[in-house]
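Shared between the two complexes below is subunit A, which pairs with subunit B and subunit C, respectively.
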Partner chain A sequence: MVRRRGKKLIKYIVINIVVWALAILWVLPFIGITMVSLRPFSEVVVKGWWNIIGQYTLKNYVDAWTDPMYSLETGFRNSLIVTIPSTVIPLFIAALAAYVFSRFSFPLKTMLFITLLIIMAMPQQMSVIPLFFMLNKMGLYDKLQGLILVHSSWGLAWITFFLKNFFDTLPKEIEEAARVDGASDFHIFFRIVLPMSLPAIASVAAIQFTWVWSDFFYALVFLVSPQNYVATLQVATMKGQYHIDWGLLSAGSILTMSVPLILYALLQKYYVKGMVGWTVKG
Partner chain B sequence: MGLLARRKRTKIILAFLLPELALILSFVLIPIMGTFVISFKTDHGYGLDNYYGVITERSPDKALVIPENIVKAQPPPWGALIHNIVWVAIHVPIVVFLGLGIAYLLHDVIGSSIVKSIMFLGMVIPMVVGGLLIRFMFDGDLGVVPLLFRKLGIEALSRTWINYPQTALIALILGSVWLWTGFSLTVYAAALESLPKSYIEAAKVDGASGFQIFFKVVFPLLKHATIVVVIMTMLWDLKIFDIVFVSTLGGPGGATNVMALIMYTYFARALDYGRSAATAVILALISLIPGIWFIKRVMRSGS
Partner chain C sequence: MVDVHLIGITKRFGRVVAVDDLYLDVEDGEFIVLLGPSGCGKTTTLRIIAGLEKPDKGRILFGERDVTRLPPRERNISMVFQSYAVWPHMKVFDNIAFPLKIKKYPPEEIKNRVRWAAELLQIEDLLDRYPAQLSGGQRQRVAVARAIVVEPDVLLMDEPLSNLDALLRVKMRSELKKLQQRIGVTTIYVTHDQVEAMTMGDRIAVMNAGKIMQVGTPEEVYNKPANLFVAGFIGSPQMNFIDARIVETDKGYVAETETFTIRLPEKYKELLRPLRNEKVILGIRPEHIYLEPRKHTTLAAIRGRIDFVERLGSDNVLHIDTGGKIIIAKTSGNYAYKVGQEVEVYLDLDKLHVFKQDGEAVF
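Up next, the complex of A and B:
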C-alpha cells in the first residue's frame, strides 16, 4: 500500500515536471525577445540575453515608436483606424443576419448557409486579385477605408455562423411573450435578443479585433505608402532583407503584439469561448 | 398566417439580411468568381494555360511541384505544394498528440490554468510577430534551439536554422507547432471536461493501465474534438503565409516556399495575374478537402 502510494507520488511529480518544462519552453521566446528589447544589442550578442546582469534601457522602444521611415506610432494609429470599424460594422450586420438564420425559415436558406461555410474555408488569396482592381476603380486602393471594407465583408461569414449558433441556444419563450404583447421584430431583436447575447458579442468582438489587428496579407496587398502602413506591416518591414536589427525588431514585435495580448488578458474567458467554444457542442 | 402578416415577415427577413448579402456578394463572392475567370484567361481567349504553366514551373522561387534546383539525395527544396503537404503531414499529428497529451495530464498539474494560458498565447499574437519569434528562436547568435545543440556538441544544428535549406522548413514547421498547439490543447481540455468521469472510473476498476485508458477509452471518446483539431489545423497549414514571408520569404533557394507565397510572388513580383489566380484556385480547391469535411459535420450536427 505504501509502495503504491510512493509510486503514485513519483508519477505525480514527473507529470508536473514534464508539463511545466514544456510550458517554460513555450514561454521562453517571449522572455528572450523581452530581454533583447530592454538591453543594448552589443551586450546581448556577447553575453547572451539569458544573462540578466547588465544595462537596461528603453532606447529600442523609443526608436521603434519614432522610426523616421516606419514609425510604429503611425502604424498604431492606422491599425486602430482600420480595426475598430472592421470589428463593429461586421458584428452589427452579421448579428441581424444571424438572427434571421436562427429564427425564420425562408427560400434558399440552406444554400445561403452553406455558402457562408464555404467562405469560411476560402483562403484570402482567392479574393485579392479582383479586389485589387475593384478598390483601384473605387479610389480605395492604398486607403485605410478600402481595407476596412474588405475586412468587414470577409468577417461576416464566420460572425454570422458563430452568432447563429449562439442565438439557437437562447430560450425563445421571452421573445414569443413579447410578440404576443405586440412588440415588433426590431424591438425584440434590439431590446431582448442583443442584450441577452452580450457574452457572445464580447467573444466575437475580441476575436475579430485580434484577427484584423493581426492581419498581414490584405494590408500587404492593399497598402503601398509607408504612411498608410498598419502595425503588422511596419514591424515586418523593420526586419531588413539581409541585416536584422534585433534590438529595434524585438521592441517593435512586443509593441505590436501588446494590443491583442492586453485584450486577451482582460477578456480571456471570451477569447477561449470564441475560438473553441463552438467546437465542443454536438 | 394572414397575407398581411406574411408580407410583414418577408419585409423583416429582407431588411435583416440585405446588408449582409450586399457586402458578401460584392466583396466576397464576385471576387471569388473573378479569380476563377482570371485563372482561365489566356492570350487567345480562355484555356488551361495558366494551370499548366503554374504546375510545370521550375524556377526555385515559383515552383509548385519540382524545382530545378532539387537535391535528389536530400531535399528540400521541393515545390511549394509539396512543402504544404509535408507541413500538414508533420504538423497535424504533433499538434493532435501534444495537445491531447498535455490536456490529459493537466488534471494532475499544479497551476494548470497558467499552463493553458501560456500555451494559448500563440493563438493571440499576430502571425507576423510569431514568424519573427520563430526566426529569433532559431537564430545562431541569440536563439535557444541552436544554443542547445551547441551545448550537445552537434555543430550542424548550432547555426541559424533558417539560413540553410536542409533545416529551414523543419524550423518553420516546429515553430508552427509552438504557435498552434494552444488551439489543440484548449479544444481537448474543454472536451475532456465534458467527458463523463464514470467511463474512466469504470476502466480503472477493470484494472486498465494508464496507457490503456488513454488509447482505448479516452481517445475514442474524443473523436469529435480530434476531427475539429485536424480540420482546423489542415486549413491553417494550407493557408500559411505570414510566418514564411517574414522569416524566410520562401528561401533559401525556395526551400520554404508555400502555395500562398507563390500566389503572392506571381501577383506582386511577376505581375502575372493569370498564373497568380490559377495558384489561388489550386490552393482553394485543396482547402476544400478539409473545408467540405467541416461543412458536412456542421450540417449533420443539425445547425
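Up next, the complex of A and C:
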C-alpha cells in the first residue's frame, strides 16, 4: 500500500517536472524578449537579456509605436484594415459553401471537395509568382485590397474544410424541425445552424485572424510602399543593416503579437469547444 | 384538421425499398400509430408525409389537396422528433415561438399562443430557460408545445417517447393521448413499442418490410391478426406458433401436430374445408393457455412438463415442453409451479388462430 502510494508520488513529481520544463522552455523566448523590451539599449548591450536588477523603461514601446521611421501605429492600422475583412469575408463565404458541402448533394461534389484539399496542401511560395502577375494586372499590386483578396481566397479552402466537418457533426433533425416549422434554407442556415456553430466560427475566426495578422511573406511580396506596410513588415524594418536596437525590436514584436493573444484569450471558451468538435469527427 | 390519404407510396434508397406501394387512409382527428420493427419503413413513411423525403411513386392527399410535391412549409404540419430537436441557442419561449415567427404572426398573438401551448404542456415556468437547463422530459414537452402552437392540420410524431425513462414514458403516454383528444388534431405517430401503440392509437397500422400488414383498432390487431407477422409482433410474450396439418375425420376437423392432435370446433368447419390435408400454422397466445380447466370455453387438453418458469410478479410465464415442442403459457403469479412438474395444459380453442403456409390468417 505504502509502496504503491510512493510510486504514485514519484510519477506525479516526474510528470510535473517534465511538464514544467517544457512549459518554461516554451515560454522562455517570450520572457526573454519581454525582458529586453523593458530595458534601455545601453543595458541590453552590456549586460545581456537576463538581468532582473537594473533600469526598467517603457521607452522602447513608445518609440516603436510613434517613431515615423517604423511607426507601428500605421502598421497596426494597415494590419487591421487587411486582417478584419480577410477574416470576415472568407468566413462568411466558406460557411455557406461548407453548409452546402455538408448537407446537399450536387454534381462534381466529391471532385470539388478534393480540389479544396489540394489547395489546402499547396505551399504559399508556389502561388506567389502567378499571384504577383495577377495583382499587377488588376492594379492591386501594392494595395491593401490586393492583400485582402489574396488572404481571403487563401482562407476559403481550409475554412470550408473545417466548417464542413463541424456541420457534419450537427444533428440533421435540428434543421428538419425548422424546415417542418416553415423555415427556408437560408433561414435555417442563419437562424439555426450559424448560432449553433458559434464555437467553430470563433475558432476559425481566431485562427484565420492570427494567420493573416502574422503573415509576413505575402505582405513582403505584395506591399512595397512603407505607408502600406502592415505591422509585421514594420517590425522587420526596425532591424537596421548595421545596427540592431534589440529593445525596440522586442517591444515591436510584443506589441504585434499582443493582438492575436488578446483575441485568443477572449475567444478561448469557444475556441476549445470548436477544436473539440472538430477532432471528434474530423 | 384534415384527413390524410397515402396512395401507392413507394420510396427506394438505392436498392433498398423502404416503403413499398403503401396505401393508408387517416381520418380527420384520428390518432393513428405506425407500428413495426426497426427498418420497416415507418419513419420513412412519416418523413414522406412531412415532406422531408420525396416519394418515388404515389400521392399524398391532405383532404382534397395534393401535397406530394409541396415542401414541408406549405403543408401546415408539425413534427416531434425522437431527439426532441429543440434548439439549444434559443430559450424555451423562442423555441415554441419559432414557427409562429416564421409564419409572421403578430407579436401579441405569438405571446398568447406560446402561453396557451405552454400551459397545456405545463411548462409555463420554463419559458425563460435554455434547453440545456431542462430535463429530458421537459425538453420533450417543449418539442410538443412547439408542434401544437401553430395548430397544424396534421401532427407527426417520430418515436417521441423512446428517449425517456420508463416511468416518464408511461406518464407522457397518457398525457399525449389526452392532449391529442383535447385539441383534436389528426395525428400520425411512429413507434416500435407495441404497448405505446395499443394504449395510444385509435387505430394501428402494423408495418413490415415497407408494407402495411394490417390496419385496425388495437382490439382488432390483437384479437384478429391478419397474418403471421402481426400475430407474432403484437403481444408479449409472443403468440405460440405450432405447425400442423388439417385432417377431416368423422368427428369433424382436427389439427395434427407432431406431438398432439386437437379437435377443432364445429364453427370453423366452413373455413377449414378448403384446407383439408393442408399444412397450416396454429397460433395461440400465451394468455389463452390455461393450466386449469375453465367453463364456457372450448378447450383442448394436452400433457406437458414445465421446462422453465419466468416469474414476473403479477404473472408467471411458463415454458412447457409438450413432447419436444415448447409452448409458452402466461398464468397468474399466485401459483407456484416447479420446473419438471407434469401438467395438463388447456388450449382455449375459441381464441385459436389458424394461418395458411403463406402467413395469411384463416381465422
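Just so we're on the same page, the second predicted complex is superposed on the first by the 251 of 282 C-alpha atoms of A that agree within 3 Å, B and C clash if a C-alpha of one lies under 4 Å from a C-alpha of the other, contacts with A are read in each partner's own complex, and residues count from 1 in each chain.
One rule holds in what follows: contacts are C-beta pairs under 8 Å (C-beta built on N, C-alpha and C of every residue); 3 or more make two chains touch, one makes a residue touch a chain.
Predicted model only: the values in this text are computed from it and were never measured.
On the superposed subunit A, the two partners subunit B and subunit C both fit, without a clash. Judged by the touch definition given at the top, the superposed model places A:123 against subunit B, while subunit C stays out of reach. By the touch criterion defined above, A:178 lies against subunit C but remains apart from subunit B after alignment on the C-alpha atoms of chain A. In the superposition on chain A, A:149 makes contact with subunit B only, not with subunit C. Once the two complexes are laid over each other on the shared chain, residue contacts for A:34 go to neither subunit B nor subunit C. With both structures placed on the common chain, the touch criterion links A:164 to subunit B but leaves subunit C unconnected. Rounded in steps of 10, the angle subunit B-subunit A-subunit C defined by Cα centres in the superposition reads 100°. Once the two structures are overlaid, the count of subunit A residues touched is higher for B than for its counterpart among subunit B and subunit C. After superposing the two complexes on chain A, the shortest C-alpha to C-alpha distance between subunit B and subunit C comes to 5 Å. Interface residues of subunit B facing subunit A in the complex, by the touch rule stated above, are 9-10, 12-13, 15-17, 19-21, 23-24, 26-32, 34-35, 38, 102, 105-106, 108-111, 114-115, 117-129, 132-137, 139, 141-144, 147, 178, 181, 183, 186-187, 190-191, 194, 224-225, 228, 235, 238-239, 241-242, 245-246, 259-260, 263-264, 267-268, 273, 276-277, 279-281, 283-284, 287-288, 290-292, 294-295, 298-299, 301-303. Interface residues of subunit A facing subunit B in the complex, by the touch rule stated above, are 12, 15-16, 18-20, 22-23, 26-30, 32-33, 36, 44-45, 48-49, 93-94, 96-97, 99-100, 104, 106, 112, 114-134, 149-150, 152-154, 156-157, 160, 164-165, 168, 185-186, 189, 210, 213-217, 220-221, 232, 235-236, 239, 244, 246, 249-250, 253, 256-257, 260-261, 264, 268, 271-272, 275-277, 279-282.
Residue ranges of subunit C in contact with subunit A, taken from their complex: 50-52, 71-73, 77-79, 81-83, 85-89, 98-99, 102-103, 143, 146, 150, 156.
Touching subunit C in their complex are the following residues of subunit A: 171, 173-174, 176-184, 187, 192, 195-196, 198.
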